[in-house]
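First chain A sits with chain B, and in the next complex the same chain sits with chain C.
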Partner chain A sequence: MLVFERPSETAVASAVDALRKDFGERAVTSHSVREHHSHGEGMRDAGLPDVVVFPETNEEVASIVKLCNQARIPVIAFGTGTSLEGHLKALYGGVCIDLSRMNNILQVNAEDLDCRVQAGVTREQLNAEIRSTGLFFPIDPGANASLGGMSATRASGTNAVRYGTMKENILGLTVVTPDGRIIKTGTRARKSSAGYDLTRLYVGSEGTLGIITEIQLKLYGVPERISAAVCQFDELSNAVNVVITAMQLGIPMARIELLDEVQMDACIKYSKLEGFAAKPTLFMEFHGTDAYVAEQIEQMKSITADYGGSDYRFADKPEDRTKLWKARHDAYWAGMSYKPGNQAFATDSCVPISRLADCIAAAKAEIAKTSLTCMIVGHVGDGNFHVQISFNPDNAQEREQAETAAAQIARIAIGMGGTCTGEHGIGIHKLDALKEEHGEAVDVMRTIKKALDPNNIMNPGKTIPMN
Partner chain B sequence: MIETWQQQIKAAAAKGEKLAIKGSGSKSFLAPVRVGLTLDTRSHAGIVEYDPKELVIVVKCGTRVADVEKAMADAGQMLAFEPPHFGDDSTIGGTVAAGISGPRRAYAGAVRDFVLGAKVIDGKGDHLSFGGKVMKNVAGFDVSRLLVGSFGSLGVITEVAFKCLPLPKAQATRVFEMDAATAIEAMNRWYAEADPITATTWVDGKLHVRFAGAEPAVNTAVQKRGGEALVNDVDWWRDWREQRHAFFASAKELHRVSCKSTAPATDDMRTAIEWGGALRWVHADEASAAKIRYQASRAGGYASVWRGGASTHASAAQSLSDPLKDIHAKIKASFDPYNVFPSLSSSAGEGARQGG
Partner chain C sequence: MQTNLAPFIKDTPQGIEADAILRSCVHCGFCTATCPTYQVLGDELDGPRGRIYLIKQVLEGAEPTKKTQQHLDRCLTCRNCESACPSGVQYGRLVDIGRSVVEEKVGRTALEKATRATLRKALLNKPLFNTAMKIGRAVRPLLPSALKAKVQPLRNAGTWPTAQHARTMIVLDNCVQNAMSPSIDFATARVLDKAGVTLKWVSAGGCCGALSHHLNAHDEAVTKVKANIDAWWPLIEAGAEAIVGTASGCSVMLKDYGHFMQHDAAYAEKAKRVAALSKDVSEVIAAEWPQLKAKVKASSDRISYHPPCTLQHGMKLKGGVEAMLKDIGFDLLPVADSHLCCGSAGTYSVLQPTISEELKSRKLKSLTAEGPSQIATSNIGCMTHLQSGTTLPVKHWIELLDERLA
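And then the complex of A and B:
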């Protein structure tokens, strides 16, 4: 059954005409621009929108959505195009709203530790512009994503253990609803809002309930001391046990990231890291006062010694730290280029931390059944890890093997009391896994979707299985 | 128990009757007006799953908060949002449904930040599971957090999985004599300077700051900031959290103001300040109520009557804009199409609908 009926060519043509009239050169129909907006960074099964519009204000976004709602044409919001689960594929054509021109930082309230940004501001842009205030925004998915996109996908990154994910760091939103109204959720008050917590509903709704146009975000003081360290292990399970022990003791790690031997090999080659072996590795970062950081490091050293970890290699200078974390953030691209001509895609399981070693082993066993190569990188402090499966895109059999293995890995995680997606979201690729994970609860999600977007124009075919 | 409740809800839905979900009643003064048969959550109690190593605890709705905290403390852990009990038998279900957090809220997070997943029986009698028991989950809409602060208007929360945090190794509270304006500035600046603060309260001309965490961090902060040591600080903070401090007892009408943390102090009304400045408690009367609301909205927040107020004040839900009201009604109908449960806006206590 079709989730959505593609609008008629005449309906699309007249909407495009209307948008051209209102937006002039900011309504684009060239193939290259539509192609650029047809996919994220995941599997490139492009689905082209009919037109890409570049609004500059909330009101302009509202006017586009209103038009689309009247004409029953799909609306897909686009930030920087870095999502991984097919969120941007225009399954039924329609209007892509590119928010990159809404890139103003509207307020920085240094004393209140918050700011308000337009959806098109990227995380790196925000951090560059607030540097002089001594504050920073910690959420860092691999890509330099837009904050609107990060909100819409409930993104997280390497800092989640200490600073949380997007959902803990958003105070409020401006959202354009499917009928083209502009609403505000939350207030400047950090703590609470009247009525249901709509902010949390829109965060992570992947553009299916409305378009996030402004975000009020928490900021944090840059710590007095930041110290990064790397420790290597002979056995992956030892590295995992170090993480479990550290979490148990409440050591406030800012970052603790695991790379297995294959991923480490890929990163050494891709990012030209020197002096490391292709072994299971923990990348760590400590934040705090001088004394506090020193104590955290001593505690961690004693834990890693118990599990046969190597000596620490420190990166205290900002440029060294940047190089180290750039290598970690580029793990996806390192995986992509590990085998010439191959592509890779990443699973996103999150399991109870005690099952992490088991789940990783089971995932590896799943890949071992195939002829494919995989590598593992994980935000292990949260129990979240990615298996990057490398395959030849021109080989249908390899691709099928990769997809089957990924689905099976999601199933294994769900069976261990975990989730199929800790941070990438559902998009189009995990609709079946969502049903498996949430069962009848999906019915309520669908009811909410139908109630708030009765014409199903907001990113149709994504996030919530409609049948 | 679950099946009995499911039957009860289905029967009520079929007959067009109402059900009132209730735990110990400790937060009834905040809840919407409830009519119909009472569904008492206390008959569904107990810890379902708790392995401290996982940093997750799964608890049935009727479990006493005190029992959960005891089990966690024995394992060196805590519910980091420091829930106010407002009664010895206060339940976990009520805590989540009321969505109220204690002094640590501004520093560790709110109830919703620690809810990893929840089970709920909706108004059709279906028992559903949202979220899970892992630290991160972005599968579908974040419904479990929608339940936090829903005051039984969406369904019966039957089970909740919480994220646990280790108890701090060291704790010390220091007291500083200062006026409200100085206290607001200090609370904000010290926190921005990354002091290990876990609670702040300014009341009666004194700022109380609780430092907690690793011992060296606490010692450093205490030395740096000075002040006087507060003996029995554990008791003091518990009394403050439970609103047993004299400041609360002496209020005829108490307003709760949620605002940006640097909002200026109002010196013409008796006020206490916590959460680093983001939460203000104000002694009010009929004459000052409007002024409090005005000042709160100028400070980027809002005010509501917590205790003792006349029910004529515009409730928070009633003050929502039309599109927001519309969205609220649609969410309510998605869970409870036959209106078995009370609506969020049919409120007696004005403190209701104050998640956080």
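And then the complex of A and C:
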């Protein structure tokens, strides 16, 4: 559906000329650079921007957006290009703003447990640079994404069950609006009742309302004791029930991740894990004081024993923990290399915890209808799991099976009072699912979009179905 | 990655190999952050994932441009990315294929051609190179500093041992090493002599073929390889145990002879045998270490060691040299980012001087951070390159052993 009219070639050419004049070598039109910026991970159907610009300041971002608004040319923000739902595809060409050069940490306020970063700082960079303060930033999507991109997709990660998602961890933003104003939302205060919560509006807006250039983030003290443990099961349902019970009992796990037998097989091979079986598995982590961690582990052990879980394999040394969590973070790549040459969809259902077992069972039934290799992995502590559906992109039937299964799995979650996307976002692939999930509310979202971006230049065609 | 190679290459041996490599890449980008050229230039297309993508596009039929070629030229072929890749992508092989296809399609400017030809001719023509080095040394005080750096005073090589042991090994006659630093082969011969091995030096005109290969002079490389095989064959038949490479850049090429000649009916089998016998000097010494160790005097000097890319990434030989040096008491200082290339990379330092210089200064900064009295490495290229940026002595580690032979 056409929701935006491609700007005329002359309009684009003169905008490109103007950008070249202002940005010199930082305005790039080479095919390979445009191609690199035309997609995230996941499916890469082409849709090239006309030019990629690498600004370094808020004012430079504002000048680009202003120019595009006047010329009615699309603007697409680019963080690190790891999004999975076609977020970055330049459906109508336009200007891609790559924020990777805005990668400075502007302040670290250790005494208030917060910091301010530019949007291009990546999560690993932030943690490496604040290591000496004894603080850390917990949100950890599998990829080393930019904090701007993570804000824009409302990302989460393995720590979300304890520390929340991006939504809970952003105190405020600097945003360049579609008409080129630079505004600040939020404050450094932990709470505020001052007016509309614009911060929450921009978080998760996928670049459709403005460009985030700075982010005020919450930080946390590195816990005194961190203990990671792995427990394996014969039955997937038993592993899932352990998670549900633990959450219902309020055990304050820092991380609890589920991998089914296929995903575990892929991870063992890819990350060269030793001493594990290709069985349904839980990766867990406990944070706190020595005594507190010991207590949590005892409680967990009694639950896993009830569901026939194996003995725990502990990883207490930092390097062992790193290896374990790296294997978990790399699960997506493990899945990709399981079937070389294949493509994959990663579904992203999230349901109330009591429905998790039903939802996973229904997803499994959906998978069984296909002939495809699928694997399950997820941040199950908050009811979120992914089915990675692998298919041969040259085989139309496989692709169709994959698309149908992915849509159906999203629908199942919605039917259980959950959401089609816990953390990856809508992009272009989940526009229909958003309508199913939110019905009339989508119309209100559309009203907001039209009010803030009347010319529809901000990442047009994404996130909100415009008709 | 999904691939769809264009008809011009699809069913050729190169195409089949490239296709398998491309499909094994999942595009995760773990290699990118560790790539030295990405670190210096900060452009996706100057990192391995970007280069793989460029090569894929070209093999799928996209027309490469001068820019494409530049991104591939800027690659050091250090193969750091291979060490970082969890999916086992053989980037080194892929970039060889990509470079030759791109060169065929976009060609080289007259100036580039001339530089490359001169480089090859100068380095491969022994008498010419030897003379150049001699003259260079004689007039060194008069040379401009950039050139002076490359022409360093010669260390006395000493004498070649005369004892004839029952055990023999062959040493490769390196193209540049013997002119620039003959002491390395002499030192190797003396150390092996202590282990009861006679090292035989057979000349086939010099060079393992790597130089020509990396400058895309395929036929010239094949000629070199064949000449070496022919020269060594009688000694191999007579029972030589190994072909020793004293420069890791050559060792890695020797080990690749089997693959390199696989489609040559007359030489394929012999090349495989040569490759199987080929060892880096560090492997040979490690095998003799139990008996050699006692014959080397201990030292407590503070030194830092630079493992060349061809050693640690190319041959995946990590930690061997360090273990032996530590074993005789050397205080081996910690070196940050020891996986990174020093920027020498064969002829790279001449063809891409800016990036090369930047990498050299970064490397020397980490090598000298803890105040070593000298620097050791395993490859003549790295040695002269690093030496050109420091007043500390930079030596081949085998020379350090040789100096301490009891």
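Assorted remarks:
Note that in this section the second predicted complex is superposed on the first by the 465 of 467 C-alpha atoms of A that agree within 3 Å, B and C clash if a C-alpha of one lies under 4 Å from a C-alpha of the other, contacts with A are read in each partner's own complex, and residues count from 1 in each chain.
As a convention for this text, a residue touches a chain if its C-beta (ideal position, glycine included) is under 8 Å from a C-beta of that chain, and two chains touch if they have at least 3 such contacts.
Quantities reported herein were computed from a predicted structural model and do not represent experimental measurements.
In the superposition on chain A, A:E403 makes contact with neither chain B nor chain C.
By the touch criterion stated above, A:D22 is placed in contact with neither chain B nor chain C.
In the superposition on chain A, A:G221 makes contact with chain B only, not with chain C.
Contact with chain B, but none with chain C, is seen for A:L201 once the two complexes are overlaid on the shared chain.
Of the two partner chains, chain B is the only one touched by A:D443; chain C is not. Contacts of A:D432 after superposition: neither chain B nor chain C is touched.
Between chain B and chain C, it is B that contacts the larger number of residues in chain A.
When the two structures are aligned on the shared chain, A:P393 is found in touch with chain C, with no touch to chain B.
Legend: residue contacts after superposition of the two complexes on their common chain; A:Y270 is shown touching chain C, with no touch to chain B.
Shared contact residues of chain A, touching chain B in one structure and chain C in the other, are absent. Remark: chain B residues 51-56, 99, 101, 105-106, 109-110, 112-113, 122, 126, 128-130, 132-143, 145-146, 148-150, 165-166, 168-169, 188-189, 191-194, 196, 213-214, 216-217, 220, 258-262, 275, 278-279, 299-302, 316-317, 319-321, 323-324, 327-328, 330-331, 333-335, 344, 353-356 touch chain A in the complex. Chain A meets chain B in the complex at residues 109, 111-114, 134-135, 153-154, 156, 160, 164-165, 167-168, 177, 181, 183, 185, 187-198, 200-201, 203-205, 209, 221, 223-224, 244, 247-250, 252, 288-289, 291-292, 295-296, 350-354, 379, 381-384, 417-426, 430, 433-434, 437-445, 447-449, 451-452, 463-464.
For chain A in complex with chain C, the residues that touch the partner chain are 30, 32-33, 35-36, 41, 100, 270-271, 330, 333, 336-337, 340-343, 393-394. The residues of chain C lying in touch with chain A in their complex are 1-4, 23-24, 26-28, 30, 42-45, 50, 53-54, 57, 67-68, 71, 86-87.
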